[in-house]
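Pasting the structures in now, so scroll down.
One chain, chain A, links the two complexes that follow: it is found with chain B in the first and with chain C in the second.
What follows is the complex of A and B.
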């Protein structure tokens, strides 16, 4: 069926007037959309636009207040997972749901049936090997979920979802955890599923990915259907950006000044990379100032969190943004943990503002101006079950004696002021951090980590899982910190973003620095350094 | 603050459910459930002198339960309150033995401090093992209870044995009257003052110091606090020592107060009831005070059950156990609901 006549046949998924409310918040209001069978549909929108809620309604996980859902022409009772499943809808969650201690075949067996009972390892293996091979999943049936790389875990999740002859497969933010190569593999897999007749709904927010894969587009904004499903070929990047963000740039909040008094520029798609506005890279002047961060011949031990660093040399000057590129798992985590003092350093020196911080604890390093936006927002960055004001004040409180008095009402007030300044959308400083959307949660971390006393800011994947508006906000904030004289170390797997913001780029490969680049960046040369195609030392 | 009240009210609903379950059980066994409930209420609060009797059991419970709360809030499951309580009592009795004849104004504080110290030491080694090498503190503190219980047997039948003892139960000599902080009723200006003072200090510690905020954060997500630059030793060891110390103080109060001596196996369920109190109160200090009084009331009522309802005193254990059941089920339920909320966006 041609993609430009989506309503010609019986829709694979048909929603009429679906409205979902969480307490006082309306997450979806009156969504009516029909998705044609056998196509790849992208549902796009900013964080908090209602994409995940929409997916959960279709999968029967959320009971809408109003509205009807039909699967392949059959109306289903909403809010019943078993009904949606029986009708052929499967949802792969944003955060993976397979038990880490299970083997692949165990996960398939019990994910499929949800029943216990007697089984033998061999029978399980035999049962699932063919299914996995058919879907081109490389994991062996006896491997444990926790030992698999992220891409393979996702492939297993998808294979699990396809056990029961799913006709409609919904993937919620499947690319958020993947490397560029992993995304390609995923997209190939999705295209093959389409060829075999499965209707695929992708919840996405990166424009370039959307345009690369989708047959139709559906745009949600603030719980409302803005457009679609319409054929993807009829939309270009600029229009899609406008559809997602809206005219008034809601993610950047009120028009006017950004957090550091910078004018709010119209949001740019992260995939569009003009040269950074007003970027004036300060190349470290030898001798005059000590670098904010100096790492010399650093070696660490490999551990469960990542490979060893081998003779890493880095310098970041005050007022400079250094980008760290590289395929995930090539020592970026070890580097951040070494700078934080949380990894075992075998030899080499780490200097903060010209002083060796080797023997210093993270608390002392922070007192000296180190700030970290860690990789894992929800575990390392925030305590989701604790209130916003507690999360926000943790760093400052740790710099005081344990028994020093605090005034919670003052902290709440100051926190509220800071969160307003950082344009966090929240109800009360006492609400748990886990109740915020990803973008707002990240802003809470920014509000805590980017302060006047910050001398070196480590930003590890600061835009992972964020929508366009929030992404632009993060980059603006880091640029503003740079312009105030802080040194910034950015780790990102998105090369476009990295090229856009970095004054210099360093590539890591297997725990070593495999390339150093200055603008203008060449994608081919950086890519070669990332994959080790050539020993490119620039 | 209001959210605290909601949590505690919810806990109390579960406590009532547990009581109803017990009542149904007793009715099924052929006892008069209504009579049981009224005799519990009378024995705990309504009879003349019942409040005083409830305080006698509630005060030490409050001290130990507050200690348990401090550790649990920080994410350490110290279930060794019983052992720490015994060690506190042993240290207090030892101090009293050594300082015999000194001025009461000096000896009594020394006894109390020794009790705190004993309990803190009995939490120190599980704390060191936990923070140093990750040894599960549930196992170490639980085992510590048994070791402390045997230590108490040895101390009361050896070094501190009452020479005039009958041999029925190994115990220390009765503490001389000038050093007692209360008579056998357990309620005096001193004991009330200790409980009130400790309560106020702990409330301030939890609600008005950096430690209170940070230990609460650490208990919910230790990784995040570590990335903020916390040394797990500073918060962790403080929590362990304070937690054990408070149970030890309870032991000292029990020794210098109502019991007046230490005896092998005395107050055998104290630590577990204290843990239960902390769970019901959801680790709030104010809630712990109220809940400890309630459970103190149940303990007091245990003595009336045989007389009034013809039930064995152990029926109170059944009530305690059902409350424990309902409270743990509640936390699971609340966790699951909270978890579901977090994933929706």
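What follows is the complex of A and C.
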């Protein structure tokens, strides 16, 4: 689609033949797209489709091998952030990019352009207070970035992007870290920006969100422009799904049997459509077996990682998926850390398969069948600089005696086989884990954590930032593990998905269990439990 | 008492200047273990410069140029050749210690101490007994204050801190972490030159091999102790100097009863305890460093 049709106004962002290569990998090939000013544009695609790279090219963070970029009709030198910013492009990153120790006003000032010079603490505060108030950012100018809840951090990040006269604002996966309420607030914010004349590019992958907000759609797949920008009204959910995953993609979210070669048994419910309760809930066999996980009157101490748990009682039976809902930061991390043996337990018991694991180390807990898919894929789940085979074999090596010999060639071979089975797209087992896209990285973790010996699988935000295909894959794998008799504890902030997969749902609020639900789930009642009756928690 | 104060200021001043150099490097994201080497280059260049030119100003200029050159070299090795900054810094220390000894040997034909006819200008007799203090000593409070303003109250300071704490954040707003580190190391080079000049020319007026005697590492410890804060870290350095001076006094007083070596070790023991305390107080560092994750 040639972008230079005479009818169109000068494009806010105009890319021509943009190609980006990372070493041997082509991340973007020949992207030509023009985005009209004053609209909300969605750029969609699976993980690894090149969305973030595209955003970074526009922002000047990535130097394309070929191609030109014009902002509001002015060609810019590519690969220079200052050029892009001067032309009016600002980018808000998926994993935010503000120094955590900075105060809010320092975070504003450090990116400011124009008159600088000396400032006093008070002048700094004054200078940015009005700017923050204008954007309805609730953070005080002297609060530190690291102390802010994730929604506020994002709002500050957006405020940072708008300190200059931004004409084009790009938000990279802004909804990945937000609760449903947070997403609403964000979308309101985006609509107000649009009303004030800012062109907004949203990098998204959740179809429902895309259709809720976007004026136009642009679909990327495997570094290629598949379609767009075209008016969002001309696309429906089914067609958009097809455009995003492509026809031949084996990971597509279509119904039916799992892809061939998958190590897990056929899924009970292959559907990932967020439409009410999914698989028939297995009623845990009461009495005969001890629960796979039993937590009784558990109290922990609050630490830098999260609030204290207060009298938490939970049971997960073998062959059951228990969903943990709740606004982020209400004790979910503390719960996982307590089960892993990483949090300081004040009182209460944690039983794994009927045995008290209180004094056991994480290694012993893993030997007893505990498996964890951690919150932070890139820091807790994988060592990004280590090779795939090292990452993959870490779990099994932990169980061996300290001085047992290691055969790297065998590990590499077994790793390659496992990764093939789990449909990880990779070049070689020796490549660093950091070179994989989010979905493939998560599959490496799944390949390590979901094995025959798994008795309790904790999946913490297992689909965060993943595209449709990878999300479906994760849910299928968890269901299959459940059907094999493993207990699964899923923590997610995506209620639709949680309702779809969970046999039961427990809501956490301020370190306590504030609600227990069985299907059919009521969004209103679960939502009320998440926010607390008195509404003290937004 | 005044003698003691003068002794503390004299031993503390070089350490504080070097600590400032360490602070600015640390904030920009460089673990500066080359302080010792650059400091001794400054000390050597000052004394040899005075001997050669007969002018303190020229000698200081030479020292500054050499220290800045050494700092730029360190930056090239770290940022352009992608060497590990700790190893590179230790290498710079070795280069400084060995290079100055070699220079003295080459010029004078022996490794003996080089004496200069005069040293850093004094503030003069109108200050009574404090008149023996050098201009760098009295300039110190001003320098620390300016340094604090530069690091905590300017946009430059914020960007410097960002390049150390979250380089990607700096890149995202169009900054260049590598350039910030160059600026930090160059400013640090100037400070190292002053520190070295004060060490060799402040009260002593001679250069001896290895005369820095681990001050670069003590300064680095002060940086860690003071959490790279532009005032807290110099304060930590001053504390080390106070304890060190008291240790020497104690040596004179109790030299008979307490082992000589133990008293000499006091400043170093203080450093170790101080660093341990600071990590306790601040709940331990996170080891620092955000990798630039390449997610696409």
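The rule is simple: the second predicted complex is superposed on the first by the 489 of 538 C-alpha atoms of A that agree within 3 Å, B and C clash if a C-alpha of one lies under 4 Å from a C-alpha of the other, contacts with A are read in each partner's own complex, and residues count from 1 in each chain.
The definition used in the following text is that a residue touches a chain if its C-beta (ideal position, glycine included) is under 8 Å from a C-beta of that chain, and two chains touch if they have at least 3 such contacts.
This is a predicted model, so every value here is computed, not measured.
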{"item": "Combined model on chain A where chain B meets chain C, clash or fit", "value": "clash"}
{"item": "Which superposed partner A:60 touches (first chain B, second chain C, both, neither)", "value": "second"}
{"item": "First, second, both or neither for A:120, with chain B first and chain C second", "value": "second"}
{"item": "Chain B versus chain C as contact partner of A:362, first or second or both or neither", "value": "first"}
{"item": "First (chain B), second (chain C), both or neither touched by A:342", "value": "first"}
{"item": "First, second, both or neither for A:434, with chain B first and chain C second", "value": "both"}
{"item": "Touched partner set for A:301, first chain B, second chain C, both or neither", "value": "neither"}
{"item": "First (chain B), second (chain C), both or neither touched by A:406", "value": "first"}
{"item": "First (chain B), second (chain C), both or neither touched by A:109", "value": "second"}
{"item": "Contacts of A:398 with chain B and chain C, given as first, second, both or neither", "value": "first"}
{"item": "Where chain C runs into chain B (options 20-28, 56-64 or 74-82)", "value": "74-82"}
{"item": "Chain C-contacting residues of chain A that also contact chain B", "value": "22, 27, 48, 51-53, 93, 95, 384-385, 434-435, 437-438"}
{"item": "Contact footprint of chain A on chain C as seen in their complex", "value": "149, 153-156, 158-159, 161-162, 165-166, 168-175, 283, 291, 293-296"}
{"item": "Residue ranges of chain A in contact with chain C within the complex", "value": "22, 27, 48, 50-53, 59-61, 80-82, 84-85, 91, 93-95, 97-102, 106, 109-112, 116-121, 160, 304, 378, 384-385, 434-435, 437-438"}
{"item": "Residue numbers on chain A that touch chain B, as the complex places them", "value": "22, 27, 47-48, 51-53, 56, 62, 93, 95, 340, 342, 361-367, 372, 374, 376, 379-386, 390-391, 393-395, 397-408, 411, 430, 432, 434-435, 437-438"}
{"item": "Contact footprint of chain A on chain B as seen in their complex", "value": "3, 205, 207-214, 216-217, 220-221, 223-231, 234-235, 238, 338, 341-345"}
